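Two complexes come next, and they have one chain in common, chain A, joined by chain B in the first and chain C in the second.
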Partner chain A sequence: MAVLKTLDHSLNGGLWLDGHKAISLIQGIQNWPTPSQVMLPLLDKNGARRALVSVGERVKAGQCVAICDGIAGSALHAPYAGTVRQITTLPNAQMVIDMHLSPSSEPCTLLEASTLLQRIDAAGIVGMGGAGFATARKLGQPVETLIINAAECEPYITCDEALLREYAAEVVEGAKLAQTAVGAKRLIIGIENNKTEAIEALKQHDGFELIAVPPKYPSGGERQLIELLLGVRLSPGQRPVEQGLAVINVHTAYAINNANDGRPLTQRVVTITGSAVATPANYWLPIGLPVKVVLNTLGIAANARVRLGGAMMGRPTDPNLAVIGKTSNCLLIETPVDSTPVSPCIRCGVCEPVCPEGLLPAQMHFATQPFARDMLERYHLSACIECACCDHVCPSAIPLAMQFGLAKQQLNTLKQAERSAQRAGERHSAREARLERLAAEKKARMEAKKAALKKRTAK
Partner chain B sequence: MIAILFALVLGLGLTWLLNQATRWFAVDGDPIVEQLDAVLPQTQCGQCNYPGCRPYAEAIAKGEAGINQCPPGGEAGIQALADIMGVEPEPLNPENGTETPAVVALIIEEDCIGCTKCIQACPVDAIMGAAKHMHTVIEPACTGCELCIAPCPVDCIELIPVSKRVALWPS
Partner chain C sequence: MKALRNILDSIHPHVMPGGKHEKWYALYEAVDTGLYSPPETTGVAPHVRDGIDLKRVMGYVWMATFPLMFWACYNAGYQANSAMAQMGIESAAGWRGAFAGWFGYDHTSIFSNVWHGLWYFLPVYLTTFLVGGFIEVLFATVRGHEVNEGFFVTSILFSLTLPPTIPLPMVAIGIAFGVIIGKEVFGGTGKNFLNPALVGRAFLFFAYPAAMSGNAVWVAVDGYTGATALGAAMTGGIAAIAELGFSWSDAFLGFVPGSLGETSTLLILLSGAALMATGIASWRIVAGVMVGMVLTSSLFNLIGSDSNPMFAMPWYWHLVVGGFAFGMMFMATDPVTASHTNSGRIAYGVLIGIMVVLVRVVNPAFPEGMMLAILFANIWAPMIDYVVISRNTKRRMARTAATA
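Let's turn to the complex of A and B:
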């Protein structure tokens, strides 16, 4: 029996938001009917994948169809048996393996790997809370403390809570496996104190510390949760591993337990909710399920606005192009409403106390319009976690988090260009030095030969 | 008398100190050249009529070259050079070329005869290969300077746009 410890202090900044969570938790996790098609994306923000299958090839359920050569990416597996129809590029430049599914009685292909980390890698497990970074890589670095992030703080999302209510034993088992993999002395599960049923389910197990935090958004942000649980504030750009910490999501822990039994990551719990959904609930959706299939199956009007993710950090998505990915925790589908028109910033400053990272969103806003690199660096743009608390309180309805996201990307592109220019400069000077050295060596050789010849002729 | 002597000694002493200070705090090379070289794109393409980015930076510092001779750097590059030199930015000199999207070289491997001419032309050692063996471009190291195009006797080198980076946010 784990003992619950309740924290009474909440994080700096952030917002007390209406959760809208109860509606999607009335029913347990629902199964989704086997679709006739899945589209597995070959590109995500953590790297490009290489397809291992060819068009027309028959694929078994659980078979690996694509691998990533980069360090942060993950492998992809077929959720069901089927045939590869085409490997194509979508209008948003996303390359996908388009699979036509057909029922098959063949059992799911199991992973073949000897160590736990290899199994996690082969199962294609990534951080399922949103980062999407390869878990095998994260767990490859030894740390002192492993934190399981069950503080699902964003409004509407309930997939982790639903998973804990029904599969607490599997999650705890996965967490302990991860703890063994990183050699952590402490295992902490951080959960919000309003998830009472999930807390009760976790209390039935032991071998970890169970700490409840106040349900203030964004308590479940990696940096925020670390500060709440351990009082350690990471400096901007510092990764948890540098402080001997690792944080993994509840669903990731569940997937690790599955991978240990040889099952690859081919499905996940997704909350389908919002004003356009008749019966909001959590569903087991296969990875690669097109979002338009979800809308059709649930009979949702085609003009509904779809966000992949929650109300705060979710991204407006074109349902005709999007597919369910490993990090898709929620589909927030709402009937279209007239949005508040954006007005200019009045410098009221309400965005500043709500920023959990202690940044100055208004100042950063002026530095993004137009893009002023030195200003953005001075205001620590890269420390922005894009939690959108500033958006929520802005009386001018400025999409601040989106602007910061774009500016971060622009800044990264510039830095990348600078790094490659520097490398090119280094290669050029190395080449010049080599050519000079070779010319000097050649000259020395010629002179030595001449001298030797002179000596011989003199004899 | 004492006052004059005092002023003389003080003057001589300070002169010596100043003289020594220039030696103690001397900087190797020209710091302006370093700064200019740092903002140049390092493509080493020679479109500025100088054999590489550093020689061009040296020429700007000496006042021999204008700041508007670098097509790969483009408008942003000219602005950066103008800021360092404390002059007004001017439009790119069309005689040096035009600002074009970034490209990398690609060797069509079936057509390559292994003559090594492109390897000798590449200013950043971004082509691998040996005589009578196929050559290939190391993509991350290629600056798209186009210097390998002309020497190729079988025209097997193409320029392709730099592969698009993964967009993290829908546009």
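Let's turn to the complex of A and C:
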């Protein structure tokens, strides 16, 4: 029996939001009928994948269809048996393996790997809370403390809570496996104190510290949770591993347990909720399921607005192009409503006290329009976690988090260009130096030869 | 209302891009969204949003000035009617005389006072609104912006800072200067660093001192000279105010001559309290102004002076004379031109409090310290923020260095 410890203090900044969570937790996790088609995404933000299958090839359920050569990316597996119809690029620049599914009695292909880390890698497990970083790489670096992030703080999202209610044993098992893999002394599960059923389910198990945090958004942000649980504040840009910490999501822990049994990551729990959904619930959706299939199956009106992710950090999505990925935790589907038009910023400053990172969103806003790099760096744009608390309170309805996200991308692109220019410069000067050295050596050799010749002729 | 909606809907296609009157979209939009909530939708994060929006913020400030508008009418009329009774004048001079006397010139009748005062306040406000509004729409149209509610606030605050007898052409020039030079040249709402209403007032103050200061402008009766309490104090201290027949409670309640909206400290404090309660006016700025004023005036009380009677003026007199209360509640708290960090707001307020007493006490030329103090602090606000942010950054660097 784990003992629950409840924290009294909440994070700095942030917001007490209405969770809208109960509506999708009335029923347990539902199964999804086997679709006739999946579109397996080759591109995600942690790297492009290389398809291992060719058009027309027959693919077994659980077969690895694509791998990533990059360090942060992950492998991709077919959720069902079927045939590759085409490998194509969608209008939103997403490359997909388009598979037609055909029922098959063959069992799921199991992973072949000896160590746990290799199995996690082969199963294509990534941080399923949103980061999407390859878990095998994260767990490859030894740390002192492993934190399981069960503080699912964003309004509407309940997939982790639903998973804990029904599969607490598997999650705890996966967490312990991860703890062993990473060699951590402490294992902490951080959960919000209003998830009572999930807490009860976790209490039935043992071997970890269970800490409840106040349900203030964004307590479940990685940096925020670390500060709440351990009192350690990461400096901007510092990664948890530099403080001897690793944080993984509940669903990731569950997937690790599966991988240990040889099963690859081919499906996940997704919360389908919002005012346009008749019966909001959590569903097991296969990775690669097109969102438009979801809308059609649930009979949702075509003019509904779809957001991939929750109410704060989720992004509006074109349902005709989007597919369920490994980090898709929620589909928030709303009937169109009136919203406030954007007005100019009057520097009222209400965004400042709510920023959990202690940034100055209003100043950063002025620095993004137009893009002013030195100012953005002075105000630590890169420390922004895009939680959208500032958006929520802005009386001018300025889409601040979106502007900051774009500016961060722009800043990264600039920095990357600078780095490659610098590398090119270094290569160039190295080449110059080498040519010069070679020329000097050649000259020296010639001189030596000449001198030797002279000496010989003088004799 | 239904009929109005129909008219607006019938105009709508003509002002959209491609319509024959598309140039007028900004004006149409201002009227339409001012009266109805707009049907246009945005599709960006976050989906859930707080209940407050900019239109409502500006609306609250505007509503908070209603009691002051009422008092502007009442007191302008009361002062004029009293002076007329004193001088034995039967009816108001000039074109106003045709309307202002409909209900008599009885300074004991509230209605008569309000009606008389209305003929001074209303022309000033209408001129401000029409000229400033025209400029606002012009800029919005040329730039393709929407007309912003900020102008409602600027126009009413500007009107309330003027003396009742100000000639209307000067009002027009003042608001034009304030809106164009104080705001639009910097890019419009949110981009200005000086309060546009105060810029306009400062322009008039220095360009037309005869119409903005002295003893002849505060009571709307030709040939009547009556100093404001602050003006009197400049020459003879508290004793001179008492000689005029004004007690502290007269000045606190607002039965003294002065600019239209600045006289009733009580109403200003009540309206300001409402603004602070809704979180629109920053209590930190107000507290800072009070603290700065109390400390500086007490310091001057301690130092004392034989030749300058203002040294002896206690803080509770500073509070009720001149534009101090009005400036503190409505001008200093303008978020665009104030500091925006929490500790910066306190420093900004204190700076205003210190400057206003300095200007009033040791500068013999200008009795109106509040306007200059706020404009001065506006200029320093970004610097204050810069210092606060640098200090925060340093403290955090030290903290992360300590934990690492």
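Here are a few things to note about the model shown:
Here, the second predicted complex is superposed on the first by the 459 of 459 C-alpha atoms of A that agree within 3 Å, B and C clash if a C-alpha of one lies under 4 Å from a C-alpha of the other, contacts with A are read in each partner's own complex, and residues count from 1 in each chain.
Following the convention adopted for this analysis, a contact is a pair of C-beta atoms (placed from the backbone, for glycine too) under 8 Å apart; a residue touches a chain by one contact, two chains touch by 3 or more.
Treat the numbers as computed from the prediction; the structure is a model and nothing was measured.
Using the contact criterion defined above for the overlaid structures, shared-chain residue A:M402 touches chain B and also reaches chain C. By the touch criterion defined above, A:E106 reaches neither chain B nor chain C. In the overlay built on the shared chain, the residue A:L43 is in contact with chain B alone; chain C does not reach it. Contacts of A:D374 after superposition on the shared chain: neither chain B nor chain C is touched.
Shared-chain residue A:A424: touches chain B; no touch with chain C. The wider contact with chain A, measured as residues touched, comes from C rather than the other of chain B and chain C.
Looking at the shared chain after the overlay, A:D8 reaches neither chain B nor chain C. Of the two partner chains placed around the shared chain by superposition, chain B and chain C are both touched by A:P316. Of the two partner chains placed around the shared chain by superposition, chain C is the only one that A:R305 touches, whereas chain B remains out of contact. In the superposed pair of complexes, A:D69 makes contact with neither chain B nor chain C. Overlap of the chain B and chain C contact sets on chain A: residues 315-316, 402. Of all residues in chain A, only 43-45, 47-48, 92-93, 315-318, 402, 405-406, 409, 413, 417, 420-425, 427-432 touch chain B in the complex they form.
Those residues of chain A that touch chain C in the complex are listed here as 17-18, 155, 232-235, 238, 243, 305, 307, 311-316, 332, 334, 336-350, 352-353, 358, 360, 362-363, 379, 388, 391-397, 399, 401-402.
Contact residues on chain B toward chain A in their complex (touch as defined above): 37, 40-44, 52-54, 123-126, 140-141, 143, 164-170. Those residues of chain C whose C-beta lies close enough to touch chain A in the complex are 33, 37-50, 52-57, 146, 148, 150, 188-191, 279-280, 282, 335-336, 338, 340-342, 345, 385, 389, 392, 396-397, 399-400, 403-404.
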